[in-house]
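For clarity, chains are labelled A, B and C in written order, and residue numbers in each chain start from 1.
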Amino acid sequence: MGRFSSIRVLLCFAVPPRCKGTNVAMSTSPPPRYRNNAWREHPLWNWVGLVPFFLFIFLFLIIPSLNLFTGAFVTNKGLFTLENLSVFRNPLVLKAYMTSLQVSLLTAVIGGLFGFFVAAAVALGHPPRWMRSLIMTFSGLAANFGGVPLAFAFIATLGRTGFVTALLKEVCFAGPDGTQICPFNPYDHGFSLYSLTGLVLAYTYFQFPLMVLTITPALEGMRKEWREAAANLGASTWQYWRDIALPVLTPSILGASILLFGNAFGAYATAQALTGGSIPLVTIFVGQQIRGDVLGNPHEGYAMAIGMVVVMAITIVAYSMLQRQASRWMKV
Amino acid sequence: MKAQPINWWAIFWIVLAALYFFLPMYGTLDFSLRMERNTISLKAYEIVFADPRFWQGFRYSTLMALITIIVSIILFVPTVYWMYLKVPQARPIMEIITILPFVIPTIVYVFGLIRTFSRPPFQLTLHALTTDMLIVAGYVVISMPFMFRAIDVGMRALDVRTLTEAAQSLGSNWFQVLVYVIVPNLRVAILSGALISFATVMGELILASFLVRPALAPYMALLGLTKAYEPAALAIISYALTWVSLGLLQLVSRGGTTRQLTGR
Amino acid sequence: MTHLELSHIRKAFGPAVVVEDFNLAVTQGEFISFLGPSGCGKTTTLRMIAGFELPTAGTITIDSTDLTNTPPNKRNVGMVFQSYALFPNMTVAHNVGYGLKITSKSKTEMMQRVHEMLALIQMEEFAQRYPFQLSGGQQQRVALARALAIRPKLLLLDEPLSALDAKIRLELRHEIRRIQRQLGLTTIYVTHDQEEALSLSDRIVVMSKGKIEQVGTPTEIYNAPATEFVARFVGHINLLPVTVLNPANGVVSLGRQTLRAGRFGQLNGRPVQLAVRPEEINLGAKPDANTLNGEVESVTYLGSIVRIGLRIEHHPLSLDVFNEHTLKLPRISETLAIHFPVDACWLMEKSD
């Protein structure tokens, strides 16, 4: 169980077409009024019921976030400064950002593609029923399975003494120069689970099921008639995918991608448990900064943390711009 | 029903996916049973279950999860109800707020939480009890996107206004409407939100670890640093816990109103 | 000159036989309707012609070319779907031009053809709209234009109007017929609406349970149904079980009353029934005509006509009278005489 628990519910945000028409559920007729107290007629009165919620959010979400934000722009003495942004000139910090972006993009692309093919196989390939339910059930499980236990599972599987590693040691592979390599120990050939490759492999475990969960409904929404109409007009399968299927799916694919990206970018526990912090991700770096002031200036730590929010914000803005382009043809 | 020819590409991808699912799971299970040389045994599980810190972590996390769920329900159900009834125009801002915990990486959020509440004027981290209060607040925020959505989806399926007017015409006051009419009709949605929150809190590492409370995930992480077989056993136990939560979720949401919460 | 020929087509989905021994020859420019109840295999047959389903047995030829195993994208057969099936991501112009783009026609040629087609369906000003910005009727027009743009050898329409409201349906069906005539296009039109089939078609194929019941012009189908199924399915009909008194001149009896049928085939002793359409029956008695007496059971007001339900010798019979202002409606339980011309009724074998 990780921080990924049923991210599926977030799809409404990430994949707006899924939620078409959800905002119009309320009728516009005025609420019933039973007493005629003038002060109750004031429109602001209607917001009173939301006060506890906003108070809670203000205290436990807005203030902490703002605190971090202001922390990033003041000196130790509390004066405004942009000095702390120099943390982004620190090669270690830059490296961490690059690694995080790399891992997030890589796992979003790999997990996204893999997940797309699996979802297409499930939705369009007419597999036996039991295979379909197997994949959907396990996707639900695996997309929610991250963090420490996932790291353990991969160590037990692909670690130095892992089960697959042991299996591989018993098979022989033809080496690049034609010689047989027996036994084949992947750890003798540059592989390590505790490296970037290992991290990508482990992240893929929850990334691709998330893609399956997000994109399957969109694939199932592809109407059979579109394919037939295209064939009827002379299009080959490939032309159908290029001209109709992919453009129709693009908004959903974009939404799923951003979900996958954010999912990987904010992940901490899996990487921490798998590599013990030896891979410099921003999340790991922020974690170290919380434990002790590794940068030598706590305010630079806040700046670094805020940088993550900025990256997410930029991603989301870019996403909504692309989304607008891709969904011109859609009813809003 | 449809006599379609078997699509071998589809089978290929499905098998590949199944391997990706099962190999680590099988590897972990296999590993967890091999603590004793040359034999299959439950030794690793015995050790885990004999460790009081495991039970402490389990108890602590379960308790925190339950409190989180109760607080979430008390906070979100009336809020969403009020929003539907009185201020539908608040929806856009509510949606943005409730998605924030997803946009802000948890570690960054926790950083902010610690910076805010570990110093005056709101210092909460001095005592275990106040720290636990802080943790619950954090969990409520982290699981808010799921909980809020679940209740929102459930509420959408109800005709809140008509139900309320009907109940009021029979003489109920607001509180009675909420408790006797709205909540019973929402129980599927609330339950599914609760299960997701439960799974989230049980597996949450960052908050508990940085606020140094004895939750389950930090215990696992710690064990992973020093042991080999016990972590595998723990991973299997986690799998089982996730299974149970999601299994219950599937069961609960069979009603259909909250289908989008599950993998189907 | 036969343009499209279906011979001995059979289609089975697993054990279920959906189309059986289907034979049909269509000439160039003909407008054919497939008419039949839901599930009788109309769509399946149409889809076999389009190439979306493979016949289990039999052959499909167009212009003497065997197309039975040709994939759908190589058939050059235009199809209009019940649900429009416009590509949602393309504008009207792109939808209409898509088939031409596939055959890599030049851009100018494509644009020209698109304009031509949009003019044909009178929707030039909608070229840049997306499908979601169109009404159902407009979407179906575009679907028609899209199918026509590729200059198909054959146009197939599967209940193209059934998702539209009554007024648009009427308007559009005349438009389809106009365009079809203008282009001289061989067309197959699937419908379960008999009025649509009767008013549009050159010939109608009435189907039931995967088999052809009758092929004929609307007049033949309506006035001389070949089977009881066709008689019952197309229009309203009265079928009275009668006993043959004289096989030579068609005199039959219904209880104590005697009647004469205008048309009758070989009467071979099997149970027969007398068929007569409600609109052929008039109130009152008349010499030289078949006259019957019965008790009024119901009077249903349908606007331009009034349908009167009678019980004659324990058998129900209905007749339609025009709702003229002089009409005096009979009362329930009243005993009434009615008559119909000998030429207007015929004998039919009872089907099992």
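Some notes on this structure:
One rule holds for everything that comes next: a contact is a pair of C-beta atoms (placed from the backbone, for glycine too) under 8 Å apart; a residue touches a chain by one contact, two chains touch by 3 or more.
Remember, predicted model here, so these are calculated numbers, not experimental data.
In terms of C-beta pairs in contact, the better-connected of the chain pairs A-C and A-B is A-B.
Central chain assignment: A. Criterion: smallest distance from chain C-alpha mean to the mean of all protein C-alpha atoms.
Taking each chain's centre as the average of its CA atoms, chain B and chain C sit 59 Å apart.
Annotation: 55 Å between the Cα-based centres of chain A and chain C. Inter-chain spacing, taken between the CA centroids of chain A and chain B, is 17 Å. Shown for chain C are the residues in touch with two or more other chains, of which there are none.
Among the residues of chain A, none is in touch with two or more other chains. Looking at chain B, residues 2 sit in touch with two or more other chains. Across the complex, chain A is touched by residues 2, 4, 6-7, 9-14, 16-18, 20-21, 23-28, 30-32, 75-76, 78-79, 82-88, 90-91, 95, 97, 99-117, 137-138, 140-143, 145-146, 149-150, 153, 156, 161, 164-165, 168, 196-197, 199-200, 202-206, 210, 217, 220-221, 224-225, 228, 231-232, 234-235, 238-239, 241-243, 245-246, 249-250, 260-264 of chain B. Of all residues in chain A, those touching chain B in their complex are 1-3, 5-13, 18, 22-23, 25-27, 31-32, 34, 46-47, 49-50, 52-53, 56-57, 59-61, 63-65, 67-68, 71, 114, 117-118, 120-122, 124-127, 131, 134-158, 161-164, 204-205, 208-209, 212-213, 262, 265-266, 268-269, 272-273, 276, 283, 286-287, 289-291, 301-302, 305-306, 308-309, 312-313, 316. On chain A, the positions that touch chain C within their shared complex are 223, 225-226, 228-236, 239, 243-244, 247-248, 328-331. Partner chain A is touched in their complex by these residues of chain C: 50-52, 71-79, 81, 83, 85-91, 98-99, 102-103, 130-132, 143, 146-147, 150.
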